[in-house]
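Several structures are given next for inspection.
Consider the two complexes below, in which chain A is the common component and chain B and chain C are the respective partners.
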Partner chain A sequence: MHERRLGTWLFALGILLFPLIVHSNYLLSILIMIGFYSLVCNGLTMLMGYAGQISLGHAAFYGIGAYTTAYLSATHGWSPWLSIIAGAIISAFIAFIVGIPTFKLKGHYLALATLGFGVIVYTCFKEFTSITGGMNGFFGIPSIKLFAWEFSNDARFYYLIWIVVFLSLLFSQNIIHSRVGRALRSIEGSEAASDAVGIDIMRYKLQVFVYSAICASIAGSLYAHYVTFINPQAFDAMLSIYFLIMVITGGASSIWGAVIGSSVFVLLSELLKEVVPLVFSNAGGEFEIVFFGVLLVVMLIYMPNGLTAAWKKITGKWRTSTTLSPAAKGGGGR
Partner chain B sequence: MKRNGQVLLTVERITKQFGGVVAVNDVSFDVNKGEILAVIGPNGAGKTTLFNIVTGILAPSSGTVRFSGTDITGKKPYQIAQLGMTRTFQNLEVFTNMSVIENVMTGAHRNMKTSFLQAGLRVPSVKKEEKAVEEKAMRCLEKVGIAHLAYERAETLPYGNQRLLEIARAIAAEPALILLDEPMAGLNDEESRRLVEVILQLRKEGLTFVFVEHDMETVMAISDHIVVLDNGVKIGEGTPEEIYRNKAVVAAYLGEEETVC
Partner chain C sequence: MEVFSQFIQLFFSGLTIGSIYALIAIGFVVTYNVTGVLNFAQGEFAMLGALTAISLSGAGLSLWAAISLAIAIVVLIGALFEKTAIYPARHSSAATLIIITIGVSFVFRGLAIFIWGTQPQSLRPFTSNHPITIFQAVLLPQNLWAIAISLVGVFSMGYFFNKTYIGKAVSACVVNQFAARLMGIHPEKMSLIAISISAGLGALAGIVIAPISGASYNMGMMLGMKAFVAAVIGGLTNAPAAVVGAFLLGILESFAEGFWSAGLKDAISFALLLMMLFVKPNGLFAKATGKRV
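Take a look at the complex of A and B:
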């Protein structure tokens, strides 16, 4: 059996068994949070790690997914399933429109443009009060139902989000080991050479940007149905930067990086919530920002390819996975 | 100087200015199907600039380029590549974030079909296409003699092998025309001989080559036709024998070459 498939199925088994072994609602709620972020980071990893394009605006798509589903399901009584899909379609459309001018930019300019996009969308959440409820927030988002089955408690929601995460990871993994994945990676490798073999760089940048927007949108929608209350602050620029930190911490060139980075982030922020008040009695949320800022800098200096790469280095494997290893080919080579 | 054959590439009165510098100055020539054409000239003569114009990386200040009968001036590089023209680079442009064979498989991009959605859902055709392209890539690596390195990281290959890898990647696109920018630079004798063999073999299979090279021995040995640039101007054109007898060329280029080397 393929090693990469084996890892995927072991992961699935772990996810499946966890709630049967651990019965703490607190831990389940943490894992659900990790699930939302993993879904976002899965798309972002494809964009950043494989295609080499930065985005500092993905909280916007997370928010668009959340508000679209909230508005359609709570205000207009749509089935949440449909409103989640509607959110994904709207996010995809916006990503496409925004992507066309934005991906003409590179590096810092691209980062700034996407950051600006995030700020604009955040402002819309705040100002379009008739739809979003403005700073007062949006209340009463219904929970998701599948026939008579309602995803209302943590254990049920846990399975819902992780099934979605798992499917999106499979999707990404399939992309990576294909013509499309190589086209994406070639953009990071050398745009001049991608051009020279006939790869339409803009097209692939847009496709992966739209894909990452859809992932973020679905995650945001599911988040909205889970917490049932959202306000603009949940989707500010800081969240986009946290996404970036998660992707970099996990390692932008492995899809497992998405899950690992999200886990490390959520666990660390939970830990901070416990520890900080003990040390600084009057410290607020700013401490978290400083802490993760420092973490980002340290990661970039000492582990620029993230934890998964560091782990692979330790175990003597590569950073990038090949399509087929010689071993899997039965001696391949010549 | 009349050559027989079907014209594949036409460079017509191409001029390129960078500010005050005229890097290419009113250069015209034809490349026939199945031909090996060398572009020679001293450093800074405008050879790479000419390649960049032909492949669409740079827009010419004036002039036109025609490939297989279509005007490709102003087309994007990837569009030109999709028409069947690939190239290698003077300063290597290997995909360092991939394995050797993945580099070559990426070269086959234009003849593959898998779309984003098909890839993500891994429909049965994807698996078949992947297998076929991997075999094809392996054959390309065999042709240039580095098949035993297929599963190494491209980044770890020595300079000479990275050059061969770029050629394998260019071949994998199954182009009609390949442009090689100083393919022998950095190769040892053994590798150079191998590369000459590869080029001659591929020409037999119907490929056309345009290459820039400083190694005059190779140029004289394998070219059917030579274009000489100096200071952006075409100062001569002809068969290797004709070029050897051309006084202007010898004075401007070959003479200088001898003093340089």
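Take a look at the complex of A and C:
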């Protein structure tokens, strides 16, 4: 118990000290990206690893957060803080409405339904040009201010995003070690059994889905205020799949997997952008997906619990009695 | 009269795109039923088939030789995919298998960028492309080729599964894998056959559409997802129903594009997918069986 807290505070200390040691804006911008993705994956890990439900549509909530805050703060002059909260409320509401019929579905059907939801929302971003600006994008999103303090440079924004990530990780950790967390894990273990012992499966699935949508929405809103320009292609189905890659690489069975998976993903894609054009001079576009594809397949076949589990195994802390990610359980397929 | 000719025009372009969805959707249904895998890489077979055929035909092969060779190559790729990605993970959960096939589709798409680059390419039409006028609607011969080839594909699949020995063995695995095993059929071998056939059908679909809308590394994802919608309309377990679903979807999309908005047609297709999943997850043509997903 105390060891867990120790790890958390060490993590906080590391985040706090990093910009004081490293002064490169490039590295800070990478860490900010990792922050956005960690926040999304934090919610998604709760949904996938703890409740055992798949989602192929989380880019939609990331986008709803981004467009809501952009529209309200740039077009209507709201304070960004209020518009971010408005985005979170709208995302939570949509997640709730969509979640009710969706979480009656299982396995393949759930994956298809969330994928379909993602495509529909993406198409709306593209087509409702009077609000979103369509494929031309949305320009001039204001940066966030706290009194006279403007989060306009990388170092300041770095602290903003990581404070949010840290708070959401603490929140998730508290959920996991509460009654709700145990209920979620029991759903992941066996829906029929948890139903039989009186757990309201639907309610818990919806709650964790709404929570993950709020995380994604806030991350998307902060992203919009950071880059000040968004366009629909930043929120397509590929992004949902990238989120999935991050969760699986990090390991869905631990909340720290979100941070680790996001870091591996962002660092790897930066590395690939540097290295690959040197080796294959004619490569263009999203060539790096080859490597992510291989990563995904190899991880799932040989290391289905992700890097955090592999690390725990190496350090001998991994107990087989603790939760396993859905990927780890055999026999689900036919 | 103008509305009527537009109607015919849209109907035929719906049938054309529907026939492409149908070929890919059959592959889905066959793969899903034999292996239990919802193959997200299915659309990529269309992309691989189209681009390989374009390269081979560009290298001087006659059109029909290029097409046959391209299909054969994609069938081999499909077999390789089964051996390296599906077979080792065959005992994993549904979610894991889905994500594995997504990973494989990334690999295919990325490799296509390395081989063919990102520029769209085009295949020459199968026969001279003189427009034919029917009821004041202008049709291209390639559209008729697409519809005809897909119908031939559909019926030969029907023949294969119902009349040939191997086809019956594959169908037996669909119905009851355990009983099939008792009868001396190897489900593992049938899984290899099913995925190879699906790959070949996908390749054919890609080649047929290449002269109409071109081919590029990223064509597979949308084709594959639309074929999903078609397969779900048919209930995922019934190949002929999936074909009907594919034509329905193609016609719906074509009319939505013609009378409303080209941009929103994807949203309409996927709204249909959600409706089907929420209301009739067993397919449009299923009798009420009480069995829920």
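The working rule: the second predicted complex is superposed on the first by the 316 of 334 C-alpha atoms of A that agree within 3 Å, B and C clash if a C-alpha of one lies under 4 Å from a C-alpha of the other, contacts with A are read in each partner's own complex, and residues count from 1 in each chain.
Quick note on the criterion: a contact is a pair of C-beta atoms (placed from the backbone, for glycine too) under 8 Å apart; a residue touches a chain by one contact, two chains touch by 3 or more.
Model, not experiment: these values are computed from the prediction.
Visitor: Contacts for A:288 in the overlay, against chain B (first) and chain C (second): which applies, first, second, both or neither?
Guide: The second partner, chain C, only.
Visitor: Which partner does A:108 contact after superposing on A: first (chain B), second (chain C), both, neither?
Guide: Only chain C; A:108 stays clear of chain B.
Visitor: Just to be sure I read the superposition right, which of the two partners does A:228 touch: chain B = first, chain C = second, or both, or neither?
Guide: Touch status of A:228: no partner.
Visitor: After lining up the shared chain so the two structures overlap, which partner does A:296 touch, if you call chain B first and chain C second: first, second, both or neither?
Guide: In the superposed model, A:296 contacts chain C only, not chain B.
Visitor: After superposition on the shared chain, which partner residues are touched by A:237: those of chain B (first), chain C (second), both, or neither?
Guide: A:237: touches chain C, not chain B.
Visitor: Report the partner of chain A that touches more of its residues: chain B or chain C.
Guide: C
Visitor: For A:119, decide between first (touching chain B), second (touching chain C), both and neither.
Guide: A:119: touches chain C, not chain B.
Visitor: Jot down the residues of chain A that show up as touching in both complexes, chain B in one and chain C in the other.
Guide: 326, 332-334
Visitor: What residues of chain A sit close enough to touch chain B in their complex?
Guide: Spelled out, the residues of chain A in touch with chain B are 171-172, 174-175, 177-183, 185-186, 188-190, 192-201, 207, 211, 253, 318-320, 322-326, 332-334.
Visitor: Name, in rising order, each residue of chain A that touches chain C in their complex.
Guide: For this pair, the touching residues of chain A are 48, 54, 101-102, 104-109, 111-113, 115-117, 119-120, 123-124, 126-127, 237, 241, 244, 248, 280, 282-297, 300-301, 304, 326-327, 329-334.
Visitor: So in the complex, the part of chain B that touches chain A is made up of which residues?
Guide: That would be residues 55-57, 76-79, 81-82, 86-87, 89, 93-99, 101-102, 105-107, 109-110, 112-116, 119-122, 126, 129-130, 133-134, 142, 147-148, 150-151, 153, 166, 169-170, 172-173 of chain B.
Visitor: So in the complex, the part of chain C that touches chain A is made up of which residues?
Guide: Residue positions touching the partner: 32, 35-38, 85, 88-100, 102-111, 113-114, 117-118, 177, 217, 221, 225, 228-229, 232, 236, 261, 263-264, 266-267, 270-271, 273-274, 277-278, 281, 293.
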